[in-house]
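Have a look at this one.
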Amino acid sequence: MSALPWVVFTPLAGALLLASIRRPQWAGWINVLVSAVTFLATLVLAFTVAEQGVLAVSMFRVDAFNVYLLVLTAFVGMTTAIFSRPYMQYVRDTGRVNRRGMRLYHAMFQTFMFTMLLALSTDNLGVLWVAVEGATLATVLLVSLYRTPEAIEAAWKYFILCGVGIALALFGTVLLYFAAQHVIEDPAAGLSWSALHAVAPQLQPSIMGLAFVFLLVGYGTKIGLVPMHQWLPDAHSEGPTPMSAVLSGLLLNVALYAVVRLKMLVDGSLANADTPHLAGYLLMGFGLLSFLVAGLFLHRQRDIKRMFSYSSIEHMGLMTFAFGLGGPLATFGALLHMLVHSLTKSAIFVTVGHAAHIAGTQSIDHIRGLIRTQPTVGWGLLLGVAAIAGFPPFGVFTSEFLLLTATMKTQPWFAVPLLIGLAVAFAGLFRHLHPMVYGAVPEGQQPVPANMLPVAVHLGLVLWLGLSIPGFLARWLDRATELIAGVPLL
Amino acid sequence: MSQAGWGLAVAQALLYVALAPLLAGWIRKVKASLQNRRGPSVLQPYRDLRKLFAKEARMAHTASLVFRAAPYVVFIATWLAAAAIPLVTTKLPTAAMADVIVIVGLLALARFFLALAGMDVGTAFGGMGASREMFVSALAEPAMLMAVFTLAMTAHSTNLASVVDYQLLGDNILRPSYMFALAGLVLVAVAETGRIPVDNPATHLELTMIHEAMILEYSGRHLAIMEWAAQLKLLLYGVLLANVFFPWGIAEGTDPAALGMGLAVVVGKLAVLGAALAVSETVLAKMRLFRAPDFLNLALLLTLLGLLSHVILEVGA
Amino acid sequence: MSLEQLPLLQQLMLVLAAVVLFTSFALLEQARLVAAIHAFAWQGVLVAMVTAIVAASGGLAHLFFSAALTLALKALLIPWMLHRLVRRLELDRHREPLRRPALVVMGALALVIFSYWLVLPLVQQELLFTRNIVAVSLAVVLIGLLMMVIRTQAVAQVLGFMSMENGLFLAAVSATGGMPLVVELGVAFDVLVAMILFGVFFFQISESIDSLDVDRMTRLTERAEDDS
Amino acid sequence: MIVASPLVLAGSAVALALVSALVSLYSARVPQLLRQLVMPLFALAGLAALAAGLGALVQGGVAVAELPLGLPWLPWGIRLDALSGFFLCVIGVVSFAAGVYGRGYVRGFERGGDSLPALGGFTGLFLAGMLLVVLADDAFLFMVAWELMSLSSYFLVAFHHDHAANRRAAFLYLLMAHIGGLSILLGYGVLASFGDGFAFDAMRDAELSFGWASVAFVLAFVGFGMKAGLVPLHAWLPEAHPVAPSHISALMSGVMLKVAVYGFIRVVFDLIGQFHWQWSVAVLAIGSVSALMGVLYALMQHDLKRLLAYHSVENIGIIFIGLGLALLFLSTGHPVVGTLAFVAALYHTINHALFKGLLFLGAGAVLHSTHERDLEQMGGLLRRMPWTGVFFLVGCISISALPPFNGFVSEWLTFQAALQAWRLDSGVLRSLIPITAAVLALTGALAAACFVKVYGVAFLGQARSRHVRRARRVPHSMRVGQGVLALLCLLLGVLPTYFIDLFDAVPRQVLGRGLTQASAHGWLWLTPIAPETASYGAPLVAITLAVALMLGLWLLGRGIRRVRRCDAWDCGFAPPTATMQYTASAFAQPIRRVFGLLFHIDEGLEAQHNGRLRHHLHVSDRAWGLLYMPVARLVERAARHVVHLQSGNIRIYLGWTLATLLVLLWITA
């Protein structure tokens, strides 16, 4: 009995269950439970994959690349569920969400998890598209959960922009299928990634190039690549914080995953064309642009959650750049970066949620003296930001180290904008962080009940990854690197 | 280094101490006669010192340990510096102990404590004097180092005795660098020993004084030691100018006749230098304090030119 | 290869595709919302017809199902829902004339030409038919996007979005003979859910800003007041 | 008795530092823990590091080990050689003193609202980071340790975070550290891509062309120079160092800057392993400017700790002058002189660690007992705190490069190297060195002036404020901490031959030759080139000074009793009061006037409400206006433009999507 159905369908079942449960107190616990089961299932799956190599069942296919993302997704989902239980309780107690809203929230949380896991584990590019679109649909109502004008506006923008983006991706998928039809006889297999990958060199380069543009713009909207990123800060800042945590930690990753999968096909097809590195250059260009622009955006922030969502754009840009750069070192670094960025960013959002509750607002100007008010939250935020800014011994440093040295090795001139971008982004983050965590406590600011366990676990893991990458993970990542870059690193 | 060498060194060091007031007296005497006065005896500084040693020393309530120790440190550091400069002979083991950079360092040590002593009592005068002294020396010290570096680089040694030996051995080459260095060093010496036009040792006018302001609070034996140290410093610079730039006549061995000759020659040279100083002090007027940087910048410029002309004109080419 | 050499069915399809393109222009130009919804419904009907023709010519059974699905969804259900929403939101008399119609039409035409230019080198060895139909569907997609850019009315934006979907579907059906069934079902489901959500949002938006003018939703911006 | 190998000792030093960090986590509950366990552990770690360093220097040779951490294909390698050993000594000795001192010093924080675990924990991590930097044998561990050091010291700078100025300083510090770290990382990237690997051994084998070597050199110079505080990248240093707790300031100024020097030596002298005169000109120029600007800005300060921080800039400049001379002579084929300059730089490195550590500890003692950093409020502290006063005086004399203390020895050695300029073939280079020497001389003299000011204003005279008048003695441990360093300042000044012998292993390992001739003529005589060329009998000078001083005091000071106390001379007016004393600003006024061009001076009189006039004087660093603010403004302006992307209108967003799509299609088609 394979763990795969459990992985994918536990959240779906959970979503149906939660949609029918009327007691919010139970819902929180069930949410945690379902997430935990999913996580365990992914672990089992990971062991299976580690033993067998690749697991392919009908339209599902789990290899080294997506298995670690599956585990990561389920893990972040679980810790976020743990965090969201008391958090949403607090939100409900303050009257921002009613009972129906809570039901919607829990059901949609699991639906979102389902779409994420489906998108990651499927082999069919069409299903991938459906799942990513489904993720938008599942989260869009959560963004407007608080029903404030801002929240509704954010949700609308999120919906429209991602809808358009994803529609363009569908057009790309159609073109891909069109190209595949000349090569693959079986129409049902025409969208199977593994089948396409096997025949990639025969796919017609001009169609593939065109398709990739559509796919990149489409999925790139979801990744948050500049200039299609505008929905991202809005949706992150106005939705409930657990939502922001999973959006930043998971959804962006999945979209990037999709782009990388497609890039592998395009690279195979374009290998003999006049522009063999088209996809790579496009990714590098978008990545660098996002990275630099988001870094500058950080300087002008007034809302704490918006700030960290720009930081997500920045990091997604960096990863996109790294995947575009190609080569085993950069790819390994990018894979590692996906991992540590998810863990760190979701931890930061959790902390930010608490911080916003402490101050009663998300406005940076009014969040003050966190270390004095509630040391765990203050230090959590400080260390989390230090980690995301790329300070060792946290794992983000390791991946940035690999990225920078890979850049230096292959495209030394790109190191200059990277350096500038890192410095600018760093300055942008810390100039706002400083007054928030340090200094005197404003009148009447009180600690709030906070569950810092997820933060501690996430940051602990990131720290561990910074100090040493355990052997099994290194092997996973290396196999994924081999898959993507063609050459293993180790 | 032989026992005799060390004995000679000690003797020469004592000679410095003994001769120092004489030079001061001589300058005063010459100055007086230039001003058509009779002036006190040449030996008057000795009498002053004796008188001061006999007097009771007084200290302000606010003065601390530094104030009391400073005269001794100043005197000893100056003396030690002097002891490394060949006076009558170049066979001097102390010159190996302290080369020219150490001499400058020792003088700086003396100045450091002098300035601290000035600030110790906590009066405005002391602070003012210390500030000005450190200001002047900050500009004078590099000039002095540059000047001696010119010599040192020519002789490939910072050991003053070796420098003098090198001078004596070599043919009499006319070196432009020496000219610059000499001119610069003269200016430095004037500034460092507190002579006109930078400072006036004979006045207690607050707008102008530097050295006197620092030792204003001293009395009795402390003042005696301070005065003596100042005289010693004057002698030191005199000997430096006289023996390093015009070394002829200095004893190159330890044989008594040569030593006697050396002593006579150096006394003669110092007498000429002292007279020249007296003349210049009579002719020149004291400058405003903020003209002093120009004066010292000139010194620094001269010495730097000296060094540059050495490395460019005399080594390479 | 020229038009005369094509089989009749394909000629018919090209005609229909051209009409689809025309409905796109009609959508773009239409000032009255209700009329636009009608234009959209007609577009859906045309797409369904194309699907049915492809199914008939290729003997692809599952495309008949797709055609029925499209007809039900795009030509009936969604227009009906939009109609109802417009009536409930009291927008049935709403008119929103284009500000610079000539410029917009020129832009749309440029997009059409651009689409052709783009597709031209793609399929040189392929059938003329496929090339043209891909170009038309690409143009429909781009015009839909253009419509979303220029229309300030939320309902009109949704219409633009839905017409993009039509273009996509047209491309999928005509160029590739339809996507695998599971994908098509998924897409259809997503479109349906999206439509429901759009409906929800219309109410939320009009509740919150008392209008459906998207230009009035500019609270979330990075521009500070001081340096606008 | 088991004789532990130096490597084991070094490892245990790191472990002890980490343990001290761990233990301090509990000090939130038990505040005394910090004083009674954490600080002693810290001092012990310092001692272990010192022992390891000495062991490595004495035994020579290279010991390597691998840690079970790091990347799968690049486990963290550690390596203890003579160069690391030397810097372990530097770190160890100051850390030991700071640890001993900290026992008394942290007591002041026990009752405050500050987070004790943060203080103890980051102090331990800071030390561990520094130790690992010098022990690292690959670029990855080096960078991890380097950033760990930066990050933990940043938290210590931000420790007193109630003042906005401190927060700003911490921010600036971390920003500069980050940029510097990235620059170093890229430098390693260049080396690694030529040397095929991040291990230092691989980098040593790299065959770099002059161009790429220069790129690596520039990156390393910028990165390490930024950390070391070389002008014009120094502006963060005088902001950040003073605001940390004083024993941390001592570690930062005394040790962390040396770690940057270590990095520079390791990368340039060891890893790149080529020498070019072009580089040396850059190093000499930057070093000279740093030395001069550092001391001039120091003179203008009246905050004691800021002043000391500016002096760090100066001394780092002097160290880099030494390194620049070494590069110059090595690149032109004069290894003997090159080695001399290298040793001079090393000697000044440890000297600066000692006396700057001492001075910061002294400043901390003053701060501890008076809660005052402003010189204008101090005065007469020598009588209130005699021990601190004496130790501080030792520090002042040492840093002013006066014999017989240690600062003089290293400056003397640097001068001796500079005086060998006649050996050079190129006239241009030959004339460059005298200018450097002139700068060095000017720097020394100005430093002396500055420390006369500091000591005269703070410790002599009368107290200028009430709280300073009531200053109390500091605890024993704080005195011991200062005493250790003061004693070492004297020892390194008096016995240079002994210490140069000890450090000789470093040039032998890095440059392949030692400076054996320096002590060839017995321990009394320091002869860097040859006895005819130059010699310095440091012990003799010291003994003569001491004996003569004793003799003088004994002969003439017999009548100490006979000194009568009276009022200071008041010119016949009212007796002088504390406010009539010369102030620190007044002391520096002549120099401020002469070098006015180099400062940004804001001075003037303004009328107050009560009709009185108030004089204000603010001297700020030109680097702000010339380098920092323009960059900040540039970023700010770019950020302002960029936000137009996020205009808020969804139609514009969609337009962007459409435009992007069309442009991409156009490009790719």
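We just call them A, B, C and D in the order they show up, numbering each chain from 1.
Methods note: a residue touches a chain if its C-beta (ideal position, glycine included) is under 8 Å from a C-beta of that chain, and two chains touch if they have at least 3 such contacts.
Keep in mind the model is a prediction, meaning the values are calculated, not measured.
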### Task
Give me the ID of the chain with the smallest distance between its Cα centroid and the all-protein Cα centroid.
D
### Task
Starting from the Cα centroid of chain D, hunt down the chain whose centroid lies farthest away.
C
#### Entry: Maximum inter-chain contact count - chain pair
B-D
### Query
In whole angstrom, how far does the Cα centroid of chain B sit from the Cα centroid of chain C?
99
### Task
Can you check how far apart chain A and chain B are, centre to centre, with Cα atoms defining each centre and the answer in Å?
77
#### Entry: Whole-Å gap separating chain C and chain D, where each centre is the average of the chain's CA atoms
69
### Message
Nearest whole angstrom, what separates the Cα centre of chain A from the Cα centre of chain C?
### Response
30
### Task
Quick one: which residues in chain B touch 2 or more of the other chains?
none
### Query
Which positions in chain A touch two or more other chains at once?
156-157, 160, 164, 168, 210, 233, 297, 300
### Summary
Among chain C residues, those touching two or more other chains are 118, 121, 145, 148, 214, 217, 219-220, 222, 224
### Query
Which chain pairs here would you call touching?
A-C, A-D, B-D, C-D
### Query
Within the complex, which stretch of chain D touches chain C?
640, 643-651, 654-655, 657-658, 661-662, 665-666, 669
### Message
Residue numbers of chain C touching chain A in their complex, please.
### Response
118, 121-123, 134, 138, 141, 145, 148, 154, 157, 161, 164-165, 167-168, 171-172, 175-177, 179-180, 182-183, 186-187, 189-190, 193-194, 197-198, 200-201, 204-205, 208-209, 214, 217, 219-220, 222, 224
### Summary
chain C contacts chain D in the complex at 114, 117-118, 121, 142, 145-146, 148-152, 214-215, 217-224, 227
#### Entry: Contact footprint of chain D on chain B as seen in their complex
56-62, 64-69, 72-73, 75-77, 79-80, 96-99, 101-102, 105-106, 108-109, 111-112, 115-116, 118-128, 130-132, 134-135, 137-142, 145-146, 149, 152-153, 156-159, 162, 216-217, 221, 225, 289-290, 293, 300, 304, 307-308, 311-312, 315-316
### Message
Quick check on the complex: what are the chain D residues that touch chain B?
### Response
379-380, 382-383, 386, 393, 397, 400-403, 408, 412, 415-416, 419, 421-422, 425, 427, 430-431, 433-435, 437-438, 441-442, 444-446, 448-449, 451-453, 455-457, 460-462, 525, 531-537, 540-541, 544-545, 548-549, 552-553, 556-557, 559-560, 562-569, 576, 578, 580-583, 586-591, 593-594
